[in-house]
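Handing you this structure, nothing more for now.
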Amino acid sequence: MVALVPSLLRQELANLAAQDQRIDGRAQFEARELTLETDCLYNAEGSAKVTWGDTIIYAGVKFEMRTPWPDRPAQGSLMCSAELRPIAGRKYEPGPPSPESIELSRVVDRGIRESNCIDMDKLCIIPGEKVLGVMIDIHVLSDQGNIFDACALGAIAALRTAIVPAERFDIGEDYPLTVSMTPTMASFTRVGGRYVLDANEEEELGGDERIHITLGDEGHLHSLQKGLRGTLTPAEFAEILEVAQSRCAELAELVNSKEA
Amino acid sequence: MVALVPSLLRQELANLAAQDQRIDGRAQFEARELTLETDCLYNAEGSAKVTWGDTIIYAGVKFEMRTPWPDRPAQGSLMCSAELRPIAGRKYEPGPPSPESIELSRVVDRGIRESNCIDMDKLCIIPGEKVLGVMIDIHVLSDQGNIFDACALGAIAALRTAIVPAERFDIGEDYPLTVSMTPTMASFTRVGGRYVLDANEEEELGGDERIHITLGDEGHLHSLQKGLRGTLTPAEFAEILEVAQSRCAELAELVNSKEA
Amino acid sequence: MVALVPSLLRQELANLAAQDQRIDGRAQFEARELTLETDCLYNAEGSAKVTWGDTIIYAGVKFEMRTPWPDRPAQGSLMCSAELRPIAGRKYEPGPPSPESIELSRVVDRGIRESNCIDMDKLCIIPGEKVLGVMIDIHVLSDQGNIFDACALGAIAALRTAIVPAERFDIGEDYPLTVSMTPTMASFTRVGGRYVLDANEEEELGGDERIHITLGDEGHLHSLQKGLRGTLTPAEFAEILEVAQSRCAELAELVNSKEA
Amino acid sequence: MGGYGDIQLLREDGLRLDGRKVDEMREVVIEAGVLPAADGSAWVKHGLNIAVCAVYGPMEAHPRKIQRQDRAVIDVRYNMAPFSTSDRIRPGFNRRSREISKVTAEALESVVLVERYPRSKIRVEIEILAAEAGTRCVGLTAAAVALADAGIPMRDMIVGVAAGKVEDTVVLDLDKAEDNYGQADLPMGILPTTGEIAFLQMDGDLSVEEYNTCLEYNMKAAKEIHAIQIDALKRRYEQKMGGGV
Amino acid sequence: MGGYGDIQLLREDGLRLDGRKVDEMREVVIEAGVLPAADGSAWVKHGLNIAVCAVYGPMEAHPRKIQRQDRAVIDVRYNMAPFSTSDRIRPGFNRRSREISKVTAEALESVVLVERYPRSKIRVEIEILAAEAGTRCVGLTAAAVALADAGIPMRDMIVGVAAGKVEDTVVLDLDKAEDNYGQADLPMGILPTTGEIAFLQMDGDLSVEEYNTCLEYNMKAAKEIHAIQIDALKRRYEQKMGGGV
Amino acid sequence: MGGYGDIQLLREDGLRLDGRKVDEMREVVIEAGVLPAADGSAWVKHGLNIAVCAVYGPMEAHPRKIQRQDRAVIDVRYNMAPFSTSDRIRPGFNRRSREISKVTAEALESVVLVERYPRSKIRVEIEILAAEAGTRCVGLTAAAVALADAGIPMRDMIVGVAAGKVEDTVVLDLDKAEDNYGQADLPMGILPTTGEIAFLQMDGDLSVEEYNTCLEYNMKAAKEIHAIQIDALKRRYEQKMGGGV
């Protein structure tokens, strides 16, 4: 029965795609409505809540003072970690991090890290002794499709509004973290044979491979990832990359509008 | 079948309770016989064996020299940990600590810790550099009911007879650890609808919720815990608290009689 | 069915043994052909590949600079670890180290460690501050019987050809590690009621207990281990010990022929 | 409890540092039905604490060995988000969370009519997003609302409340400073209609008299929070019926 | 990517430090059928990288919950041997390996005719014995050969290749220094016959134009490596038939 | 073995530091039936070592995959209590304990008539409460008594004993100092009636002649300890029959 329902769903999605339609009425490259709140969590030094259709995630930034890695004595560090705990949906189970949650964490992390939006040298307090570690934790509360884009958005929004708690560390007055870029992600899922932007939960259940594209301020690529079974052609990629360009610019603008 | 036997047992226990009787002939608030031996383990710096009816536990104290926590540079530490290894009974299985063993550890730990019977400041050897850590490990060898009280008794008895191995740490001559109070625990289980003191294994199998009360020298409460499914009324609690007062005083006297 | 096939195999092996024969035509104390290659892995500071019949293993040596153990401030350390990952055969499963892989690691480790072929004092760079740790990792790629002897051979061969990467650690020029002895292992398996040298995979499947004997340069015993269900008599042990003497001398000669 | 040191927690005028009276609780705000993926859910802000709870089920209990022939098991996970506290919490195994999860599950099993769902499992996921003392109580309050929102039958609600002692004075609903420097904490899970106690822990130092005062404060607060729970569920019901947001 | 600092990676003559042209790959050597215990296997040396892959199966999928009614699952473990890198790698759980295993499995499921083996499992064990940048690609190349050696039907081979950027120049097949100090890396798993992409990752910084050049280089290299794969399988087939070693 | 340094382990008069002769073992005290919760149990004090062993079963073997169609499996856990050694041992996974558990189980399977209980499991829980060198042997001695106390049929008892070498002299039953500073240790599990060896380990340095002397000492000690085992079981039997304590 588990195999049956998805196969019926796949058929339905294929029929809709043949008529250039989607199951919730959206156009092929139309995203769901979303709201972004920042500075919403006591105790987090930067925070964001993303309500993206029926998907809800929180991101929180914490700083810690630590000793630098021996091979990088004058650099701080950045870590982005997404937890897919059982609260996120009926299908999630307790236990050690699943491959899915590791992939989510690492793809979101790479998008931010590889954009070089954080200058690791500026996180150094005393070379060889004290550097700041920036930890972005993302918490998925309700997964109703496309958590990758929601998590990436929450992460960069929390980071861009983060305040370094310098007083707590006895290193002067609190100050906003410098973040020089706004990398954002656009994800595409093959549904009914063609790629759609921002698949919802049903489309993910009855769809195939996903492509995650993270772009920076000038439309440069900072991270790519193909997930799940399926292949794509170079021409298909060229098409969705173009969609991603305009979509990521929109998302970056939304994030930038939240800053102090 | 697993469900059947307990239900017959529950019926039997209810019938007995209705006649103010218990399955092993004891009165409602009568405990089983117990013996307490101390100083019984080579290599432990304090030790106790408790034979409590057919329940048998050992407790051993070890000290370690360690660096203090950054936020408490002049304080040592205390940790009490109970292991419920598979030797303890047919129902125990190997694996990571079960919720039951974590609860046992933490309830016993809180009773001792919250009584402030150990002055953490006195465990400091060199502020910011060296402090003593006191570790009480409890090992249940035979669980035939009410391991909480047996473990709490063994833990405080091992602690009160512990010798700080100062010579081994090169900090002078060995000396007895100062312990300023004798917190002990009295546990009550709802059996056949009413609370009894010191349930045996059958009463636990056919009973409901348990209340663990740890009292210190002046009858002050230091730790409470309700475990398992079931509720109690404030009036019921008041009644068992009174029983706990005299029971804990007895147990403390027994512990105090073992000291050098 | 799982139980049936081994029982037929056991019968076959017993019949063969009664005629002083083995399933692959070898004599009772005849080993399979083997080849030993060294210096075969980029990034390992010493390496060996052993092809032993259809069994294939790699061993690699890595050094690390570390702080000494407090109780041995002027001594380096040696660790030998064998991984039985699922690549090794159909029966191997992913997960934490199995008892089999722990036993393999520890028996190989003891043979090398207890021969004292490495002078731990010579691994000290700055007493109390910096010592070298030598790590031999063994990786079984194809288990077709007698991985113990193959792993022991690969480990000592990798060790004897290892170069200390002194330049990388800023402590002078690279130099060959001094290894003063060549401990090797000979393993015997009871097959069809009698012991054979170097059992292949079928003989292990239909056989009983194994005896692992590690001998050093003068035929001294450095490690013994009995594994699996079964017993042996002192007289049986005396017989295989004699075989082990000549076998280990051969293997040591092979290893010694590989050195620069 | 940290025991009290040089920190003054009660003002000259007898009020507490944040202006509350000794028997006054922090503000509590509750919303039901906040998580679309869940069968029932709740969001509780209690002082600066934020707890979110999702309920899934009743569903088949697996693995088989956790099944109970005669009733449902309630599988609670209480978890603090890494960013919920002043120092980041590392995700993963945590003895404190395991204990709280266990006693919370047992408290909920005391009110849910678990006999109606033999061999099944009800998952209760409590996530603390912001912590300011008293999170186990806030989680319990949220769980009760989420269970009700999921339509799980219960013989009563549960309210999580705590009283404690600071500077030898019994106070209701300790905040962060009071928790850090206070002398005792008595968290309870109270059935507001019957006054039964389903959840009980305590640490620190309390005389029997002080215990009784704590109990009295907790009972009073339970009624107040219960009203807020009911109100949230009513709003949720109206929203569902009215087809609002 | 480390981003580029003072290290010069391109020579005055436009060639790379090891003398390769920008669109030239490292030497690749492949052998099939190297592990007697396995149903299929391959050994790939790519530059100084060494990957060995064993395939076991198809076999019954257990535990039951990983079974798929309509197809086989491919269970990939990509693992780096402790001695494969400059600093020893501790055995055990490793987030990087888990991610690579997942996306590698998904890439292989895209070419293996998994529908032919419902409810079964194919184990693919990739072990990196020596690492010199690009190991996930080398592992993918090895896995495809090992699957073919095991007789598992596939609709095409897969080749793992990577292009990237150093000193603002697109280059094919980054070596260790280029990986450490370069600006971008684009590993792909390419179906050599159809040109489809089954594996795709990327990190660093690439403009769209640079991406297109990377793609072109990768496609070219895929054909070259594919020829070496086919050659190894032919030799293996002849060996089996001829009975030679 | 630590190898011998400046520590003198043999006195001028040829006796050992604790006054024992070279072929003299430490005092051994055994009690059977000490744990009410277990099906069989034993307590062994050997020198200052204390081992306690509980046996549960035969019982159904689960999980299913550990079942053997033709016999029982013996599931041994050898564990050192945290307080059993000079430096506290952290509870949890421990490679040494796993190895000892494995070879102990295999030794016991060599004497228990496991064919009588197909598809079942016998749990043997060995806990070391105090350690003073030789704990694996003490645990083995205790396990054999506990199995007998549980009524599990065996073709012989097993006795755990060890000889070794200190200052180039073979000695029986190394104590803590001898173990720390000695040159070799040869622990054996001996069937006292037949003289067969069911457990065998050794580390250090022994010539063949020294090995033979160790063997001779071990065989002699096995008979002595066996008598103490039998005596404990007799007392236990009388206690059961006589209805004593």
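Per-chain residue numbering starts at 1, and chain names A, B, C, D, E and F are given in the order in which the chains are listed.
Here is the rule we go by: a residue touches a chain if its C-beta (ideal position, glycine included) is under 8 Å from a C-beta of that chain, and two chains touch if they have at least 3 such contacts.
Treat the numbers as computed from the prediction; the structure is a model and nothing was measured.
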Ask   = What are the chains that chain B and chain D both touch?
value = none
Note = Moving step by step through touching chains, the smallest count that connects chain A to chain F is 3
Task = Name the chain whose C-alpha centroid is farthest from the C-alpha centroid of chain F.
result = A
Task = State the chain with the largest centre-to-centre distance from chain E, centres being mean CA positions.
result = B
Chain C and chain F: spacing of chain centres that average the CA atoms, whole Å = 27
Ask   = From the C-alpha centre of chain C to that of chain E, how far is it in Å?
value = 31
Message = As a quick test, compute the distance in whole Å between the mean CA positions of chain D and chain F.
response = 51
Separation of chain C from chain D, taking each centre as the mean of its C-alpha atoms, in whole Å = 57
Inquiry  = Touching at least two other chains at once: which residues of chain F meet that condition?
reply    = none
Query = Mind pulling the chain A residues that touch 2 or more other chains?
reply = 96
Cyclic chain order when read starting with chain B and heading to chain D = B, D, A, E, C, F
Key: Of chain D, residues touching chain A in the complex   = 34-38, 48, 50, 52, 54, 56, 59, 77, 79, 81-88, 91-92, 123, 125, 127, 129-132
Query = For chain D, which residues are in contact with chain B within the complex?
reply = 1, 3, 68-70, 93, 95-96, 98-99, 101-103, 106-107, 109-111, 184, 186, 191, 194-208, 211, 215, 219
Inquiry  = Which residues of chain C touch chain F once you look at their complex with the stated criterion?
reply    = 2-3, 7, 96-97, 99-100, 102-103, 105-106, 110, 113-116, 209, 211, 216, 218-234, 237, 241
Partner chain D, residues of chain A touching it in the complex = 41-44, 47, 54-56, 58, 60-62, 64, 81, 83, 85-90, 94, 96, 135, 137, 139, 141-144, 168
